[in-house]
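Letters A, B, C, D and E mark the chains as written, and numbering starts fresh at 1 in each.
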Amino acid sequence: MAAQVEETRPFILDDEQASLIRRQEIKKKVQKAGLLGINTVVMLVVLFPLLYAVSMSLKSPGEVYSSTFRLLPESLQLSNYADAFAVAPLGQYIANSFIVASLITVGQLVSGALAAFSFQFLESKGKEIIFALVLATLMVPGEATIVSNYLQIGQWGWLDSYRALIVPFLTSATTIFLFRQFYKSFPIALYESAKMDGCSNIRFIFQILLPLSKPAIGAVSVNAFINAWNMYMWPLLVSGSDRYRTVQIGVSMMNSVDSQSVVLMLAGVVIVLIPSLFIFIIGQKSLVKGLFAGSVKG
Amino acid sequence: ACTTDDGDSAVVEGDAAEPETEAVSTDVTGEGQTITFWHAMGGDLGLAVDQLVDRFNETNELDITVVSEFQGTYDDAITKLRSASLGNLEADVVQIYDIGSRYMLDSGYVVPMQDFIDSEGYDISQIEPNIAAYYTVNDDLYSMPFNSSTPVLYYNVDMFEEAGVDGPPESLSEIEDMHDALVNEGGADMPIALTIYGWFVEQFTAKQGLDLVNNGNGRDDVATEVSFMDNDAMINILEEWYALYESGAAPNVGREGGIPEFVSGQAAMTLASTASLSSILNEVDGSFEVGTAYLPAVKEGDDGGVSIGGASLWALESGNDEKEQASWEFIKFLISPEIQADWASSTGYFPITTAAHEEDVFKENIENFPQFQTAIDQLHESSAESQGAFLSVFPEARQIIENEIENMLNGVATPEEAAEEMAAQINSAIENYNLINTPE
Amino acid sequence: MADVQLKQVSKVYANETVAVKPLDLSIKDKEFLVFVGPSGCGKSTTLRMIAGLEAISDGGLYIGQELVNHLSPKDRDIAMVFQNYALYPHMSIYENIGFSLKMKKFSKSDRDRRIREAAGILGLTDFLERKPSSLSGGQRQRVALGRAMVRHPKVFLLDEPLSNLDAKLRVAMRAEIIKLHRKLKTTFVYVTHDQTEAMTMGDRIAVMNDGNLEQIDTPFNLYEYPLTRFVAEFIGSPKMSVFKTRIHRRSDWQIKINGQYINLGSGLTSRLITGQSDDQRVYAGIRPEDIQLSHIRDNQSFLAEVQTIEQMGSDMYIHVAIDECDALTVRASPDTKVSVGDSICLRVDSNKWHLFDHQKEKTLLRSPFRPAAKSREEHLVS
Amino acid sequence: MELNQPLLDDKGNGIRKKRGKKKCSIETYLYLIPALTIFFLFTYLPFFRTIYRSFFLTDNRGIERVFVGFQNYTDLLTSSSFQNSLIVTFQYVAIVLILGMGFGFLTALLCNRTFPGIRLFSTVYAMPMAVASSGIAMVFSILLNQRIGALNQILGTNISWLADPRWALISVAVLTGWLNSGINFLYFSAGLSNVDESLYESASVDCANTWNQFLYITLPGLKHISFYILVINVISAFQSFGQIRILTSGGPGESTNVIVHDIYRNAFVNFRFGLASAESVILFIIVGILTVFMFRTQRKEN
Amino acid sequence: MADVQLKQVSKVYANETVAVKPLDLSIKDKEFLVFVGPSGCGKSTTLRMIAGLEAISDGGLYIGQELVNHLSPKDRDIAMVFQNYALYPHMSIYENIGFSLKMKKFSKSDRDRRIREAAGILGLTDFLERKPSSLSGGQRQRVALGRAMVRHPKVFLLDEPLSNLDAKLRVAMRAEIIKLHRKLKTTFVYVTHDQTEAMTMGDRIAVMNDGNLEQIDTPFNLYEYPLTRFVAEFIGSPKMSVFKTRIHRRSDWQIKINGQYINLGSGLTSRLITGQSDDQRVYAGIRPEDIQLSHIRDNQSFLAEVQTIEQMGSDMYIHVAIDECDALTVRASPDTKVSVGDSICLRVDSNKWHLFDHQKEKTLLRSPFRPAAKSREEHLVS
C-alpha cells in the first residue's frame, strides 16, 4: 500500500524559523495597536463637540467665561438641567417632537411601503415615470416650496397645529426609494407563491411583505424619526406657541450669550439631543442593515 | 407709484377700528376671557414676564386668563407676527420693539391704545412723556410702552481707577485717549467692546440731533428715503467707529459680543441696553465694580439726546370686543405703578410711569444699585424731540446697517462706501415696500 | 380530469424576447411530464404560463378542457413548487402549509386535518412548529411540496425544485417526489435542466430548445430514438459522439469512418427513411456504450489514438480523435489497460447508429412502432 | 404527440381580447394615492405656485399684487448681494463636500478592518447624522466664541471664527461637514463592504501591497457609491439652513448668506415673497442642473 | 522545485471552529493534487492556508523546502484561482491578466509579451480590451486562469474554479485545465466537492472529512481500495451500497445477506487483516456494478424486491431493499426487463466486497501492493 500519509512526527520549528514567525506576529499586533490609536484620536475629535456640550452644560455660569480651557467642570452643576426645564417648557417641546416625529414615521412607513409595493410588484403604465417624478422631489429644495406651503397652510388655518407639522411630511421619496430597493431583493417567488395561494395584494403586503421587511422598516423608521426630530425651518415657521413648538425651535430660542443662559441653553441642547441619539444608537444596526443590504433569509 | 398718504394713513387704518371703540362700553368687561400674549423676553427677562402674567392671572377679578408665549428675539417676534397674519395664528397682545412700530401702524390689525383710553377716560398723564412720545402719532397713543430702555455705557470702575482715568468718556473720540492707560495700566485687553448693533447707530444719530429718515424722521409723513446721507449722520458715526476699530480700541466683537467681554474683565467698557443691567451685575457678581454712564456722543459737542428703546404692547384686533377689553385690562395691569416698579427693579427697564418711582421696591433698588439712576437721568435729559425714527422697513434697515458695519470692520468697505451702500439698500427697501403696500 | 393542453401557446416578453414559440402540447391526466432543456430555452416560461404567473401572448391554454387564459393563478386550481421553495420565512411550517387554505377560507378544523395529513405523508409532523430557517434543504423542499399538496390541486407544477440541493440530497428527493406522484395520482409538470432528473422521473419528457419543443416522448424513446441531433446530444452522459460524414449506398448502406467504409446494420437500414441518396452528407451519432474496444482489426473496425482517459471508478471513458469527429468517447471497463497515445482498435455496434439530416439535423430513421409507455414501472425493450 | 392542431376556434377572439386588456388595473394606482396626494399637495403644487409667484411682487400677505415678468429674476441676477449669495453658496457647498465626504471616507477606511472596539468607533463616526443641526450649532456658537470658546483656547489662537468673514463661512461649513460625515461614514462603509473580499485576496496573491490594494481595488470599487454620496451631499449642502441662521444669520456682512438663508430672509423677514420665490426657482435650477450633470457624467463612465 | 509540505498544520478559527485538524501532507512538484470532500470539511481552509490568506494556527508550511508561515501571500510565489474568479471588474481583461506583473514591476514590454502569450494559450486574444462583465462564465474562468498563468508561479491553487459553470461548460473546462497543467508543468492544488472532477483530474486525490484527511491516493486506488467507509461511500456514483451485517468464519469467510450466508471470494479473504473473529459486526459495501442480476438461484445469490428503477439510457439502476441494507443499488443494462415489485435474483462479485470495521469504520482489508501512479496517463489494473 502506498505511503499515503507522511509519518506523523511531532512537529518542531528550529529557532530561526520560530523567531521569523514570532516577528511576523508582533508586526501584526503593532499594526493593530496603531489602528486602534488612530481611531481613538479621530473618535475624540468627532465626539468633541458633544462632549464639550455636556461638559459646559454641567459648569457653573461663573466657569463659562474662564479664559483657559478645561473640559471637566469644577463641580457638576446638575441643577442646570432642572433650571433649563424651568426656563423653557422643555417637557412640552419634547412631547411635541415625539408626537410629530412618531406620526411622521408611521405615515412614511405606510405610504412608503404601499407606494413601493406598487412600484416594485405591480405592472402599470407610466409607473417608471411616476417613480421618476417621486424621486425628482428629492431635487426640489424644501425652500423652493416653503413659501407656498406656508401660505397654503396659513390659508387653511393650519398654522400652529400638529397637522401643520406632520401632514406635509407623511411621505418621502427617500422612504419610497429605500423600500423599493429593499423589495428588489425580495424573492419574487414569495409574491408569486402567495398569489398562487390565493392571497390578495393588500394581504400580501401586511401578512408577508411587511413582516419580512423588518430591516427596511427599521432603517426607514430610524431615518424618518431622526429627520423629523431634527427638522428646523418648517417648525420654525409654522409653530407659534409652546403648545406646538418642537424641541429644535424651543431650544434655539434659548440662544443667548450671557453665561447664565449659556449653561442652561447647553443643558437644553443636551436634553434635546439625547432622544435622537438614543434612537440612533438603538436603531443603528437596523439602519445600516436596511439602508445598505436587504435580503430575506429563509 | 409712491404712497402719498401722510402719517394719518395709520389713523385712517385705525378708523376701521372705530366701531369697536364705540362698542367699548360699560357692558364690555372682558370677563372670563382667555387671551394670548406674545413676548420677546428670553432668559431672566422671560422668567420675570412669566411671573407678571401669573400674577395677573391670579389676581385679576375678571377671571381673565393670559397665556404668555415667548416668541424669540424681537426680530423673531415681529417676523412671527407678520407671518402669522397670513394665517390663523392669533395673539391678542404682542410685545413689539420700538422699530417695529411703523409696521404695526401700517398693518391694519391693531387696536390703538387711544381707543381704550378715550372710552374709559383712563388717565395717562402718569406715563413718562418722553416715553409716550415715541408711540404717539398725531396725538394718539397707539401702543403702550412696557419695557423701555436706553443704551448706556457700562464701565469697569476698578479698571478705570487702576488706569488713573478720571471718568467714563463722553464721546467716542475720547475713548481713544484712554486706550493706552486702560490697556497698559488697567489691564484691559480692549478699552471697549462695541457690539455691532444697529440700535447704537440709531441712538448715535439721535445723539447728534439728526434724523435717520426724511419727512421728520418718518413722523410727519411716511418716510420715503433715508436722510442720514444728507445730514452726514451716518458717516460721522462710521468714521468714529472705524477709527476706534483701526486703533484697536474697539476690536470687532461681532453681533453677539460686548457683554461677555465686559463681564469677563477683558473689556473696560461696553455699550448695552439698560435692560442688561441686572444680568450684567449678576454675571460680574462683585468681581469688580460696574459703573454706568450716558451713551457717549459721536463727537464732542453733539447736542441731541437718546431716544427711547425697548418695546411696547400692541393690542390686536380680534373681532371680539370682550377679548380686546381683556387685553386692555391686562395692559393696564402691566403699567400699574406697582408692577412697573417691580418690573424695573428686577430687570433694568425704566418704570414707564412716574408713580412707580414712589414705590418702595423701586426706591430700595435704586439705593442698592445706583447704576439704575443713570438711565433715568439720561432719559429725562433727552428731549421729546429725539423721539426716534418711524420707518416701516426698520427691521430690515437695521440688518442692512449691521451688515455694512461688518463689511466696514472687515475691510470690505470704507466708511463712505458702507454708508452709501446702507442708503442705497434701505432706500430700495422703502421704495419696494411703499410700492406694494399702498392701502387700497 | 386534469389534463393540460397548450394550443399554439407562445410568449413574447415586453422586451421582444421570444421565449416560447407557438407550442402544441397535451399533458395527460395523472401524467408526470418533465420539461428539460438548456438554460433559457423557455421551460420556466412555459410552466409559468400554465400557472398563470405569466400572461400568454398568444394561443389557448386548457386545463381539464376549460380555457383558462383569463383566469388568475388562484383560480386555476394548480399548485406550484418554486426553485427556492418560496417558503414564508416568518411563518411556522404549519402556517406555511396551511396558508393557501387560510386564503381560501377553509375552516380551522379542515385546515388542521389537511395540514396534518400532508405533514404525515411527507414526514414533517415533528417540524410543524418550526420556522423554515431551522430546517435542512431537503426538509424545506418537503414543506414546499406539502404546501402544494394540501390544496389537492388538479395539477402540480414544479420548477427545478431540486436544483438548490446538494448532489446526495437531490438523489434522495428525486425518489420522494416520484413516490409522492404515485401516491397523489395527480398531474405533475416538472421543469429541470438536469437530464438525469428528466430521465429518471418523467413518464414523458418534453425536450425544449430555444423556445421550441424538440421532442416529447418516453425516456427510453428519447434515448433510443431521438428525433433531432439536439435531443440526441442533450440526452445521455457522456454525450453521444457525432460524426460529420457521408453515407454510401453500395451493396449495403455504408458510412465512412476514419477513411474507411463501415457497414450499417440491417436493423438500422430497415428504418432508414426512404429517399436517401448515395454519398449524402449526414451527421452520424454513436453513444459511448455502443462502441467497443475490439481485438479484431477487420473491415468493421478502425484504429484511433487515445487522447485522454477519464477514470470514473465504475467506468472508464476513453476519448479519441478521428477525422470525422473530434470528440469520440468510448465507454470501457474501468480496468481496461490503455494509456494516452496508444492506438486502439474500435468497433461500433452497427445497429446503434443515429443518423441525422445534414441540414435540418432531423433524424433519418423511423422509430419502430412502440406503444407509449403506460407508466414508469415498465421499461421494455423494443 | 400533438402537432399543429387546428388553431384557435372562435374562442380565440376571446383570448385575444383578454390579452388586449392589459393586466394593469387601477389597483396599481390605489397604493400610490397616499404618497402621491402628499407629494401633490406639498411639493408639486407649491412648487408651481412658487414659479408663478416668482413673476410677481407680493404684498405683506403674500398675495401677488404686481406682475413683473422676469424682473425678479433680472433684479436678482444683477444684484451684487445675490451674486454674493451664489458665490458664497458655491464656496460653502465645496467646503462641505470636501470635509463631509473626506471625513466620512477617512473614518470609513479606519473602520474597514475589524479590530477590538470597532462597534464603538463606528457608532461614534455615524453619530453626527443623528445630531440636530440647530442644537449643535448652538454648541458651536459657544465653542467658536472668540474669547470663551474652547477652540481658541485649545489652539492658543485669537480668531473671531464667526465675526471674521474669512473664517465664518469655513466655520459653518466645518460644522455642516461634521454633521454630514456621519451618514457619509455609513455610505462609504457600505461601499467598502460591498467590495468583494475575494478581490483583496486575489490582489494580495497577485503581489499587491496595501497601498496598491487601496489604489487598484478600494478606490475603483467605491466609484459607484461615491457618485451617489456626492449627489446626496450636494443636494443636502445646498439646503443647509438651521446652523447658518443660528451661528451667523448670514453674516458677518453677507459672508455666509447662502441662497437658502437669503430666501428665508427675503420671504419671512423682509416679506418679499415674489423675490424669494424667484430665488427658490433659481436654487432649484442650480441643484437640478448639477444633479443631471452628475448623472450624465456617471452614465458616460459606464 | 515547488513541492508543498504541510507538517501538522491545523486551523482553528477565531470562533473556535476547528476547521482543519493537524494535517500532514506532502504535495510533489508538478503534481496535480485534488482536495475533495463534503461541504465544510476544511478544503478551502487548507488551500487558503497554503496561499497565505488564512493564518496557520499551528504547524509548519513549506513551499520548496522553505518555511513560509510568516510570509504574506504576495511573497509566496503562488497563484490562486477563486471560485467566483475574483476578476477586477473595472479593469480590462488585459489589465486583469497583467495586474500581478504590474505589481511586480515588470517592464511594459515584458508584461505585454506574457499577457499575449497567456491569452494566446487560453484563446482570449480577441477579448483583451473587454471588461469582465461582458464575458461569459467560461471566458471569465479562462481569464482567471490567465491571471494565474502569467506569473509563472511555483504553485497553482484553484478553489472550486468550475462550480459556477453549467454542466456542459464544466466538462469542457475540466479538459482545458488538465491540458494547461500538462503544458505548464507546475504544481496544481485543486479543490472541489465534485467527485467526478476529482476522479478525472487528479494525479492524486486527498479526501477530507470534518477537518481530517481521510485518504490520499490515486483515483483508482481510492475507488478500489478505500481506507474508510466514508471514502467508500463518497467516491462513486451511484454510491456504494453498504450493509450492516456480520462476517462468519466457517470453512470460508462468509457474510450474511438477506438471512443467508454467502461466501467471500478468496482474493478478498487473502487481504483480510488478521485478527477478525467469527460473527464480527462489519459494514460490508458493494458497488452497483459489482452486483448482477442472476439467472441462477443458488446459495451465492439472493432474492430481493425491486423498489424503484432509474432508466438512465446508458444504464439502468435498480434499487432494492433488503434487511441489512435499505438502499441496495444494482447497475443493469438499460434494456433489462424488470418492473417495480418484481422479485429479482442478485449475485455479488464475491471478490469485490469492501469491509469496514464496525466501530471506527476503517477498512478491514489490506490493499495489494501497488506502485503509486506516476501520472495521469497510466491507469493500470492491479
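Assume a contact is a pair of C-beta atoms (placed from the backbone, for glycine too) under 8 Å apart; a residue touches a chain by one contact, two chains touch by 3 or more.
Labels paired with UniProt names: A, D = sn-glycerol 3-phosphate transport system permease protein.
These numbers were taken from a predicted model, which means no experiment stands behind them.
Undergrad: Shared touching chains for subunit A and subunit B?
TA: In this structure, the chains that contact subunit B and also subunit A are D.
Undergrad: If each step moves to a chain the current one touches, what is the fewest number of steps from subunit A to subunit C?
TA: Between subunit A and subunit C, the shortest chain-hopping route counts 1.
Undergrad: Which chain has its C-alpha centroid at the greatest distance from the C-alpha centroid of subunit E?
TA: Farthest from subunit E by mean C-alpha position: B.
Undergrad: Quick one: name the chains whose C-beta contact count is the highest of any pair.
TA: Counting C-beta pairs in contact per chain pair, the top pair is A-D.
Undergrad: Which chain has its Cα centroid closest to the overall Cα centroid?
TA: A
Undergrad: If you average the CA atoms of subunit B and of subunit D, how far apart do the two points sit, in angstrom?
TA: 41
Undergrad: Between subunit B and subunit E, what is the gap in Å from one C-alpha centre to the other?
TA: Taking the mean C-alpha position of each chain, the two centres sit 94 Å apart.
Undergrad: Taking each chain's centre as the mean position of its Cα atoms, how many Å separate subunit D from subunit E?
TA: Result: the chain centres lie 56 Å from each other.
Undergrad: Quick one: subunit A and subunit D, Cα centre-to-centre, how many Å?
TA: The mean C-alpha positions of subunit A and subunit D differ by 16 Å.
Undergrad: Would you give the residues of subunit B that are in contact with at least 2 other chains, written as numbers and ranges?
TA: Each of 83, 86, 256-257, 260, 264, 266 in subunit B touches at least two other chains.
Undergrad: Provide the list of subunit A residues touching at least two other chains, using ranges where the numbers run on.
TA: Touching at least two other chains: 65, 67, 150-151, 237, 254-255, 257.
Undergrad: Under the stated contact criterion, what part of subunit E meets subunit D in this complex?
TA: Per the stated touch rule, the residues are 51-53, 72-74, 78-80, 82-84, 86, 88, 90-91, 99-100, 103-104, 147, 151.
Undergrad: Please output the residues of subunit E touching subunit C within their complex, sorted ascending.
TA: The touching residues are 39, 166-168, 171, 175, 178, 194, 196, 199-200, 219-220, 222-224, 235-239, 287-289, 308-316, 319, 331, 334-341, 376-381.
Undergrad: Using the touch definition up top, name the residues of subunit A that touch subunit D in the complex.
TA: Per the stated touch rule, the residues are 32, 35-36, 38-39, 42-43, 46-47, 49-50, 52-53, 56, 64-69, 110-112, 114-115, 117-119, 122-125, 127, 130, 133-134, 137-152, 167-168, 170-171, 176, 201, 226, 229-230, 232-233, 237, 247-249, 251-252, 254-255, 257, 262, 265-266, 269, 272-273, 276-277, 279-281, 284, 287-288, 291-292.
Undergrad: Quick one: in the complex, what on subunit E touches subunit A?
TA: 5, 7-8, 22, 24-26, 59-60, 67, 69-70, 213, 215-218, 221, 225, 227, 366-367, 369-372
Undergrad: Touching residues of subunit D toward subunit A in the complex: what are they?
TA: Checking each residue of subunit D against subunit A gives 22-24, 27-32, 34-36, 38-39, 41-47, 49-50, 53, 62, 106-107, 110-111, 113, 115-117, 120-121, 123-143, 145, 147-148, 150, 153-154, 178, 181, 186-187, 189-190, 193-194, 235, 238-239, 241-242, 246, 259-260, 263-264, 267-268, 273, 276-277, 280-281, 283-284, 287-288, 291.
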